[in-house]
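Listed below are the structures to be examined.
Shared chain: chain A. Partners: chain B in the first complex, chain C in the second.
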Partner chain A sequence: MTSTATDIRSSGAGGLRSWLERYPFLPALVIVVALLALNGIFSPNSLSFRSITGLFSTYIALIMLAIAQTYVVSAGDIDLSAGATLSLVNVAIVVLMERWGGGAGAVLLALALGMVVGLACGLINGIVVAALRLQAIVATFATSIFFTGLALYVMPVAGTPAPALFWRTYGGRLLGLPFVFYVLAALAVLLFLMSRTRIVKELLAVGDDQQAAYQTGLPVVAIRIKGYLLCGVFSGLAAFCLTGDTASGDPLVGGKMTLYSVAAVVLGGSALAGGWTTVVGSLFGALTIGLVNSLVFFIGTPSEWQNFVQGLAILMVLMAGVLAGRRARA
Partner chain B sequence: MSKLRLNGVSKAYGATLALRRGDLEIAGGEVHVLMGSNGSGKSTLCKIIAGSVRPDGGQILIDNKAVTISGPQDARAAGIGIFYQELSLANHRSVEENICLSALPVKGGLFVDRAVLTARAARYIALFSDVAGEGFHAQALVGNLRADQRQLVEIMKALASEAPILIFDEPTSALDRAQVDRFFEILRDLKAQNRGIIFISHRMDEITAIGDRVTIIRDGETIETLKLSETDPATVIRLMVGGASDMPAARSSAPAAVAGEAKAAISVRNLTGKGFRDVSFDVAEGEILGLGGLHGQGQSALLRAIFGASTVTSGEVTIGGQRYHAKSPRDAIRSGCAYVSGDRGRDGVISGRPILENVTPIHALRDRLMLARPSSLTRKAMPALEAMRTKFASLSHPINSLSGGNQQKVIIARWLIDRPDVLLLDDPTKGIDLQAKSDLFTLIRQLAAEGLGILLYSSEDAELLGNANRILVFNGGSVTRELTGDDRTRYNLYQAAYEAA
Partner chain C sequence: MSTLATFFRQPLVVALILIVALLFLGESLSPGFASADQILRLLIVASLLGIVAAGQNVVILGGREGIDLSVGGVVSLSAIIAGNVMNGADGGILPAVIACLAAGAFFGLLNGLGVTLLRIPPLVMTLGMLGVLQGLLVVIRNGIPSGRAAPGLSAFVTQPLVLGIPGIIWLWVAIGLFMAFMLGRTVFGHRIYAIGSNEHAAYMAGVPVRLMRIGLFMISGMFAAIAGLCLLGYSGSSFANVGEQYMLSSIIAVVFGGTSLAGGRGGYTGTMAGALLLVILQGILTTVNIDESGRQMVFGATLLLLMLFYGRGRAMRA
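Right, the complex of A and B next:
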């Protein structure tokens, strides 16, 4: 990490503050490390390469969805239909792959069309929220029901399997490394590139102060729509990962993931009000949720208490993150 | 040859006419000063030119060609850059990003070109490098900067537009001497480049130092344009005040002093907080103390701080001889302090709820009321509403069914069920009709006669002159002048408000 002139003048709490400003995901990273350690204590096996691979392949869909959510949150919006978008893309690609025979060409074409579906969902949300100026939280809740309805039309009952070629590739290895790590590497590169784009800066400026951004001459409506388009793209990617992991279609699979994605964004250190977000933090936030779930299992919580403990643990993690951030900012 | 010309531009917000008839003509190579009192329409005029407010009528010509400006982007394309009084900065973005935000340089169509951005921003940062103060650098987050430094960023942002027409709406209010001097040097350079500059300030010395011509706006109408070299401050102030400013009609009609030896209802010593500093005064029982001066010079901040809605950093307040320190409005209400804000929507009205519920929340708090029985509440609410001559169909109608003036009466009525000792009025007549205003002030004077100590801030000078026994003029967060007796004239009020802080 490079040190610049700004670090020299700040020290003590001020130094921590400037670190947090530059790397707002630090508290989330610390929490992930702590949870990994706890997992390791209760079940040493959980830190094995195999288990870590399993953790990533299970939770990468949530990571992607949390990142999707982060882009809309940047502009001060929210997308409660992200999970439904994921479901719709999931059933669409599974049905298309099956119908077209499950060959390599069919898989790729289905994925391309799946991406179009994700984009279309994002566009609908963007138009409804930014252009028609409906309340984001209610409007996207409504579109989530609408998307779920479409998903149920495409595939009325869960269970249609994805072609073996697709899930074997996803769950397999390439040059000795599990495929999921290539996905993670590609995601890292993508996030790095995204952080340098104009649209991300503009989303953050809009989320910071929408009126100020408008007066500055930024096309606020177009920017917010682009935020929802980005959300659609990443929800689509999340659906690809999920399909690879579950190897089947399920029209209701994403429903409960939506609020997890919002929680991951907050756990990662982003401000829900917008203007101050971190995609890397959201990645750690999603991992936090995953690790809490496995920890609850490893400490041997009776099954009827698992939800209770899980909710309590997420609350505690949230408090720890908020307190750390508040202390650094004070 | 005029760079920019406005002919009869007008703008109304609902029933309030913000700008009746704005005429303005800016030549290349001049600094054109806009002057006018609070709410005279200066900022509205600027925002119309900058595209963030759409005019209802009138014509805008740039380089003698009629143009329609339908938004800030349009204005930018037409060659207009603006410094917004309330700033248009993104607090979580860096200084350099803010400076270039309206047109982020890109490469490859997608990515921000950081090198170009840094170089471009550095040019404008360099202009102020030795006066910007500690902690100001290209990567600093704007939210971490001091008020004057944020204002400098907004100036740099306006300059970075490189627009032929530049508008500066109160750019110097937080700047220190050295920063203002540097800014004026830059303005002189811009003049030499034949740019047209609109400048608003409320410091007379700055206006005479940098201005070439001045256009005076009064009550939303352009009154006159003068060359500053051919006029003097007294003339300008007279034009702003309008007509016979020294005539008895413009003098205060309220008695200069309160009869008898009244004790102090509230005394404030060296009070300092966000937006005001070192304010001291006493208000006797039965006295109405006016707070005057331009908008946002600390009057509202002071009243809100006394009411516990924002924090006081030092100084002390006593009410009725008792040490008083409100940590929250709840505390303040318990200690007999009342606050009525002109911003009803934010501070007063419980929107969508019946009138009865809107009259009784203070009573509920002061009486620790647990169970509310409508019949007994009605008995208490009716006299308060009648004292205000409030017009309403029934207590169960939602408050939104009333006009602005009647809503405000309901808000004031809620303080009358249990009498407070001190009444803080924060521009209470904003946006209400004349009849309601006069009812309101009749009641306020009557309350004073009954022994309440009243602090009245009003953005309308006529209200202060008509009702206040004394007037403290605020400038830059502190009291710069006290007007008593026959000094309470419109002219003195303006002069005190506009003189250098």
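Right, the complex of A and C next:
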């Protein structure tokens, strides 16, 4: 009788485990659903289509940045300059759009150049960390200071507005649906295509055991540089979304977002040590941060206590994320 | 020749050479930069950073990706607590010291418990704690006035005490001696290196690894608290997030001092030189006449350049 009970339990745990293995973002999804429900209980209005749209348009930049961070974390690295990269791309595209007159051509060309800026930032980080073998935490902190300096050079003070064409499109509707949902759909397709490529597996292999990856013949340095390049691309995309949302340039806008992007990655269930990550989880992790912030507001926390309760709640879910992720991997 | 080469590759020697070089550079860019008064001012600023870095140093030495991102929050919190407890009266200094140390130890304890009992990676745990601390700062700031430093504390930090040198620099020297003694001569110190280089072996040898690690985070919290108290003395009154700048610069000071982020290797004497190096570099950048953007670009690029002087990771070999 005892053995049957054990069997059932172990098979149950094994079933759950295999589910978690296949869908590592499940714990994060559960947290997001729970937070949505709580938001709905305390403020039914918060589940309306309008509010959900608002949630996505506010937090999609953080979602993109968290995904950017996930690719470097996969290889066991970290990028503390992701936020500074976002700022730099933000001011660069705003200045370029304005200088070129703000027409459709100008906007597209500026976005293309913004992507080049993001890639260049990623390349610099990749060279510094992977090729020159500096420690990722301190090296990317140094590059973040450099990128912030560049952003301040491009736009010394915040406030230059983005052309109306750009933010009206981003904040508007297309065929009756808010534009932000098209961005989400495009992101989903992009992530799906990415998951089919070799690079994600290679990044994870390097993050799991760099030495072993090297010995099986993987070009470890090149792979880590690619991770930073991907990070640069998604930081650039994050900057596009942020610019669409704020409709202006700010050379310091991304600074605070870096640590949130790291937190979102952990909240999503990825291991910071690398080798075990989930981009979908990071998406939910970023949403968790947004939902915690709104929930703290909806339950009527006095304004001076809001930051504290948010900090405490995020610390709690961070711990839960780490523990759940570990269980899945064990 | 090879001994000479090894000598010049020691992080402490590298840092000292760079410090002298930067002082010469500063003096040539703006005469008076390396005057006795200026150097004392730089030393005061460096001692604040150096005290924070002492705690950061032991946490990093303890290994297992040890790092404390919450030090900045503790510095700010401690500055507020100290300002309120003493509120401009010398009699309040001792209670303020006790209150700050208790607060620092408390948040260090929480970090340590999270890292050991729940096995949360230090980066995540202390990042989360930073968020909590920042929230707490907002609460405190709304509830009570920010408070003022006692004249005695301000004098300790800014006025000459013995031999024309301010008390805080003596305090820093004392901390340096204490750290050298602790890391080099005590069982506790040796155990820090032991758990930092091979936690499992240390555990098998009977080192109370968990207690040690909790202790390291508490030490880090208390050093950050002392720095916060002194920072209040330096600036007279505390303002929001005064400590934020110390979060990553304390880590850089440790790295410039030759302590490996992987743990188990390094020491505090190098970190002191690292802190001084960082402060002199910032000092030069504030004296030369370039705008903020140029200053940040040069600072970032110089940091990268300096990092190349220190231990780079090993190349992959089959």
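Following the convention adopted for this analysis, the second predicted complex is superposed on the first by the 311 of 330 C-alpha atoms of A that agree within 3 Å, B and C clash if a C-alpha of one lies under 4 Å from a C-alpha of the other, contacts with A are read in each partner's own complex, and residues count from 1 in each chain.
The criterion applied here is as follows: contacts are C-beta pairs under 8 Å (C-beta built on N, C-alpha and C of every residue); 3 or more make two chains touch, one makes a residue touch a chain.
Keep in mind it's a predicted model, so treat the numbers as computed, not measured.
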Chain C versus chain B on the shared chain A, clash or fit after superposition: clash
Of chain B and chain C, the chain that contacts the larger number of chain A residues: C
Which of chain B and chain C A:Thr143 touches, first, second, both or neither: second
First, second, both or neither for A:Leu259, with chain B first and chain C second: second
Touching partner for A:Trp276 - first (chain B), second (chain C), both, neither: first
Which superposed partner A:Leu315 touches (first chain B, second chain C, both, neither): second
First (chain B), second (chain C), both or neither touched by A:Pro156: second
First (chain B), second (chain C), both or neither touched by A:Leu204: first
A:Tyr214 touches, of chain B and chain C: first, second, both or neither? both
Residue range of chain C overlapping chain B upon superposition on chain A, of 183-191, 219-227, 237-245 or 255-263: 183-191
Set intersection of chain A contacts, chain C complex versus chain B complex: 211, 214-215
Chain A-facing residues of chain C, complex: 65, 67, 69, 114, 118-121, 123-125, 127-136, 138-139, 141-143, 248, 251-252, 255, 261, 291-301, 303-304, 307-308, 312-318
Complex contact set, residues of chain A against chain B: 4-6, 9, 21, 193, 196-199, 201-202, 204-205, 208-209, 211-219, 275-276
Contact footprint of chain C on chain A as seen in their complex: 80, 128, 132-135, 137-139, 141-153, 156, 210-211, 214-215, 220-221, 259, 262-263, 266, 272-273, 304-312, 314-315, 318-319, 322-323, 326
Of chain B, residues touching chain A in the complex: 50, 52, 71-73, 75-76, 82, 84, 87-93, 97, 101-104, 106, 110-112, 114, 135, 137, 139-141, 144, 157
